[in-house]
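Labels run A, B and C following the written order; every chain starts at residue 1.
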Amino acid sequence: MKMWQPLKSFWRLITYNLETKVGFSIVALFVLTSIIEAIGGYRILPYNPLKTFVGKPFSPPSVLHPFGTTKLGRDLFSMIIAGAPNDALVSFFVVGFSFSVGGLLGAAAGYVGGILDELLMRITDTFFAIPALILGMAIAMILGPSPYHLMFALAIIWWPPYARLTRSEALRLANMPFVASAKLSGISGPRIVLRHIFVPVLSTLLVYATLDIGTVVLTYSGLSYLGLAVRPPYPDWGYLVAQYQEYIIYAPWLSLIPAGVIMVVAAGFSLLGDGIRGAIQAERGR
Amino acid sequence: MRTFSKKGVTRTQIVAAIIVVVIIIVAGTMLATRHAPTTPPPTTTTPPSTPTTTSTSSTTTTSRAVSNTTLSIDDYYWPIDNLNELYAEQFVPWPDWLEGAVYQTLVAVNLSAEQNYGKLQFLPDLATGWNTSTNGEVYTFYLRHNVTFSDGNPFNAYDVWTEFYFWYYLTGNSTTFWNGLNIFNTSNVNVGPATFALINQSGLSNPSPQLLSIMGNTNLPAYVTGPYAIVFHLAVPFPFFVNTFTGFEGMIFDPMYVLQHGGPGQPGSINSYFNTNPIPGTGPYTVTSVQMDEYVEFQQNPNYWAKSLTPSQIAANPILDPGHYKTIIVYFKSSDTTRYIDLTTGKVQLAAVTSSDFQLILNNPSYGYAVIKYPADMVSLDFNNNIFPTNVTDVRLAIVHAINYTQVIDQAVFGYGKRVMGPETPNYGQFYDPGNYPPYSYNLTEAKQYLAEAGFPGGKGLPPLTLEVDALGTSWETPAAEIIQQDLAQIGITVNIQVVPDSVFYSPFGSYQTNLQDASQIPPLSFNAVDGYAPDYLAPTDFWTSFVTNMSPWGNWGAYNNPTVDSAVLFMDHSNNLSAIMQKLTVAQGVIYNQAPYDWLFAAQLPLIDGSYAYNKQTISGFYMDPNLVGVTDLPILNTITPA
Amino acid sequence: MNPLTFFLRRLVTALVTLFGVTLITFTLTHLISSNPLVAWLGKSASIDPQLAQIYIKIYHLKSPLYLQYFYYIDGLLHADWGFSFSKGEPVAQAVSQTLPYTIQLVILSLLFTIILGVAGGILSARFHGSILDKTIRTLYILGYASPAFFIALVLILVFSLFLPVLPTGGAAPVGVTLPKPITHIPLLDALIEGDWTAFSSLLRHAILPSLALSLGLFGVVTRVLRSSILELINSNFIRAARARGVSENKVYFYAFKNSLVAVITLLAITVNFTLVADIFVENIFAYPGVGQYVVQAALSLDYPAVLAITLVYAIIIVTANFIADLLYAVVDPRIRYE
């Protein structure tokens, strides 16, 4: 009986209402596609996304090529699927990193207070003042274009909001009686931070994180648009939009479809996050 | 809960109503004040004459009419360093929109002969005549009388003298200040701020005796022998000196204006006043309004010295054309989509349209576009001749025979590329490919053979080669690179394409010495430039020196060097014995052909490589391009644009 | 803690942050390429070696990095922001020419964001669950999820090609004389002077870019406002008002007023996002603001410009956060005792 509990809660969360279901479906599709593609590689795609002239160049969407073909006759559908793992990897890693590292840092700083707290605040302030895009640009320019470099660059600057979130919760909780009693019963500091401060914040963090993954997808697409994610001929959603945006009159599907995909995925996370938040609030009875 | 209150209008509703009313008022005003398009959208009643349009003006006898309408143009690049002509010794502003329309040169290129027939011919412009001494070292120019700059100051030899030494001063007193050529002995030159101050005091219309003696000092490389005669004394018999007056440093402006508005500034920090207040010239137009990074407005100059030229005179020397529009406005719009929309909705009559939307222009017979019949814009795939494996001649030869050039030209530049065998371009007559070697052929068998001979049969043993692409040129460079990547894969060579920012691309490059030093930072394969390499001035020495010698100040990315070639080019720079020059060059060409230091892909026939200046054939009939074949500006010469 | 100490602490924090920003940006831009000469001079860097030497001397290009940084900060404190090579004029001049246009766009887009966001928030809260609510939510989710460059392109297509009512770019057409610089912000100046032609023309050119910015961001405001209103709607205060017979609309209005706090604090984040999206939007619309300038400068390795603009962005963001912090503290007394 107890085993099914978490699964049942999970199910309740994701089926809270229509939007959540839609959001979850989009996210699930995105994640599954990325995983399958990452494992299977180009072989499982209808066409090799790198192969030129598999169809007449600039042909609009058709049965053979559901998303049409590019300037050199590549199949856009295969290219989109091939580009999915990049977005998934980067967004989940960045948010996961921020969530765990940032969250723990903030919880610890809030609990311990003092100089550690001050230092953390100043650091987060500084990173906050630099738009993520510019810093990402700079780091990627130095290290060269690669999704891994961007992942690294974004992770560095993405964690402050999580730290702040957990920190303010920590400040609130640190003076609560149950924490004092935990201290008295001899539980170590780190354990307290983890169990009594971090865990309660998890649900808020989770909602924020879900919404955030969508934001990372957008930022990563922005950086990819600037050419910092991949080198030709490898496909990446943002880069595709940039490559074909000027063809918006001649071959609009070439830029509208990748942009649309980015939009749908980001929207999916948004819907899911909103839904989860609604579900959690409903559970609590406000 | 969801019903509106039935108790009358609530506060919320009032606020909402106000907002709606405000929006309506604002929207209404805007719709009312929008300008109607100046020309109606194109109809398809015009029968397509020729599928491609050359840059000839078909108006040799007609269209002397001056239209009172305004010509609006969308360009894709705001001039580097704005409109400040003092930067000319740095080969900017580029594109120099003011060439021809505002600034003229001593010597004019016959645009019709050059762009219709591929013949290089020099005609009088601000100089009515010139001659050379028998030893080829002394050039005398006789200047035109009764010419004034648009600010009223008279044009004379003293102006040319002053401007000449401006260049010397602004390069920090470099001996190679004149177009990078080492042809002047500058050891006696002592012209600087003190002299300029003197000039400012005395003025150039009637210089003081002290100033006259300075300007007439025959020990200087340039000196005046009268108000309308200037002499250049070279240190070597450089046969192409007259050609050097067609480009950047040859554009004549009013030095008095410069001196009266703060002077030229200093080398390293040029006076920025002229960024938006262009120095006056002698041409048919003046700049009347500048909004930085947005537009430049030109108006016809009522005091232009050649305003009464007859149509046949204009046809004989088209760059002197007084112009066919009272007002011309050039807008900067960085997005190709917006430029295309502006053109097709009639907001502008001429627009730079590239790759993406250029296909639409090609498919639409009511639009014409500029094509350069005799191009000089060289696009090459450059090898690093000093690091492994591209330092192996047979490897290079394998690569040059493995590329499907036709496919590259068709896919990347819509077929508008002329196959060439460099280092020279086809417009210099005999100086192009002396020896008549054919451009490298696409021959996979031969390529594989070379590779095997080099010791890498089937590509085994070769590391992957990086092909560096400049981010600014990705529209044509990426497809070209991808095709090359696939072509080379066929003979077993792996190519990795790397797109880098423009500034990073250029950072290791410089003179031959620099490139040699930086050889480890230079990629094995790269394209020579985003928009090809076009002449900064019209002499054959330009490309020969720049691409394949150790005297190259710029352009020899692969740091290639061969003593036979070096001595041939050196000889060409310092001798006026034409047959001897040609003999040596022929031998040098043979060496280059066999060593393939660069893979000359094509000379670009579209001024924007994969795009061009498109126009509605109902509104414009033609125009000429830059006499330096897009080296100074790729925008058509404004005063030669003729209405339909 | 009294207000003065609070204010001073925040000010010091802000200054330290800015200092940190210059340090980071300086290091990064120099790491990308430590020899910008070729980028600045192009061909003539090697053709005129004497000129190259002069540039090296003036800009200390061969000095160690920390010395260059010192010279830079020294210059900043003396109001010398350096020379911008991509523009050919002092950076301070270039920034003062481009910044007003960006500020124009940001303010106009904030206005649109507030109007759209508040209208959306109120309407979707008032009619929550209805089709209107769902439509608004779809719209803002799509807007929020679209990359800024994409929204800009679509807007151009719709409003300049299909319905040619608005211009495709630029800030003002030729022939429109710009108003005298009073506040230095062209739109405001035109308004102050009553120059109707200039004002309407400037406005026409600013609408699409601002709209592109706000369409992506109004969702944040709408979402927060909606949930905040809905939370309050069941509070005791509101229940009491209903019991007294206050109309439904008025009740929602009360809830809205009390939610304003949340909206105000959002504006700081919105400014952050707007500045980033602004870079893309300005480039597509060729709008002569700082966003277009920074891309030009970054591509030509124009360090002084890139550093100055990053600093300007940081100042704007820090100021916005500062103001938001102050407002928040004014409203929520708990924060003051931190």
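The rule we apply is simple: a residue touches a chain if its C-beta (ideal position, glycine included) is under 8 Å from a C-beta of that chain, and two chains touch if they have at least 3 such contacts.
Note that the coordinates shown come from a computational prediction; the quantities given were computed from them, not determined experimentally.
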Counting C-beta pairs in contact, does A-C beat B-C or the other way around?
B-C
Need the most distant chain from chain C, centre defined as the mean of C-alpha atoms.
B
Chain A and chain B: spacing of chain centres that average the CA atoms, whole Å
46
In whole angstrom, what separates the CA-based centres of chain A and chain C?
24
How many angstrom lie between the CA centroids of chain B and chain C, rounded to a whole number?
37
Multi-chain contacts in chain C: which residues touch at least two other chains?
32, 153, 157, 161, 298
Among the residues of chain A, pick out those that touch two or more other chains and give their numbers.
141, 245, 248-249
Counting only residues that touch at least 2 other chains, which ones in chain B make the list?
335, 337, 341, 471, 501, 504
In the complex of these two chains, what residues of chain C are touching chain A?
13, 16-18, 20-21, 24-25, 28-29, 31-32, 137, 141-142, 144-150, 153, 157, 161, 223, 231, 234, 272, 275-276, 279-280, 298, 310, 313-314, 317-318, 321
Can you list the chain A residues touching chain C in their complex?
19, 121-122, 125-126, 128-135, 137-139, 141-142, 214, 218, 221-222, 225, 238, 241-242, 245, 248-249, 255, 259, 262-267, 270-271, 274, 286
For chain C, which residues are in contact with chain B within the complex?
32-33, 35-36, 38-39, 41-51, 53-55, 57-58, 83, 86-90, 93, 97, 115, 119, 122, 127, 130, 153, 156-157, 160-161, 164-174, 197, 200-201, 203-204, 207, 247-250, 252-253, 283-286, 288, 292, 298-301
In the complex, chain A residues that touch chain B
52, 58, 71-72, 141, 144-145, 227, 231-233, 243-251
Applying the document's contact rule, which stretches of chain B touch chain C when the two form their complex?
1-5, 7, 10-13, 16, 19, 26, 29-31, 33-35, 37, 80-82, 84, 87, 89-92, 170-174, 176-177, 180, 266-270, 272, 275, 289, 291-295, 297, 329, 331-335, 337-338, 341-342, 345, 347, 471-472, 501-504, 506-507, 509-511, 514, 536, 553-554
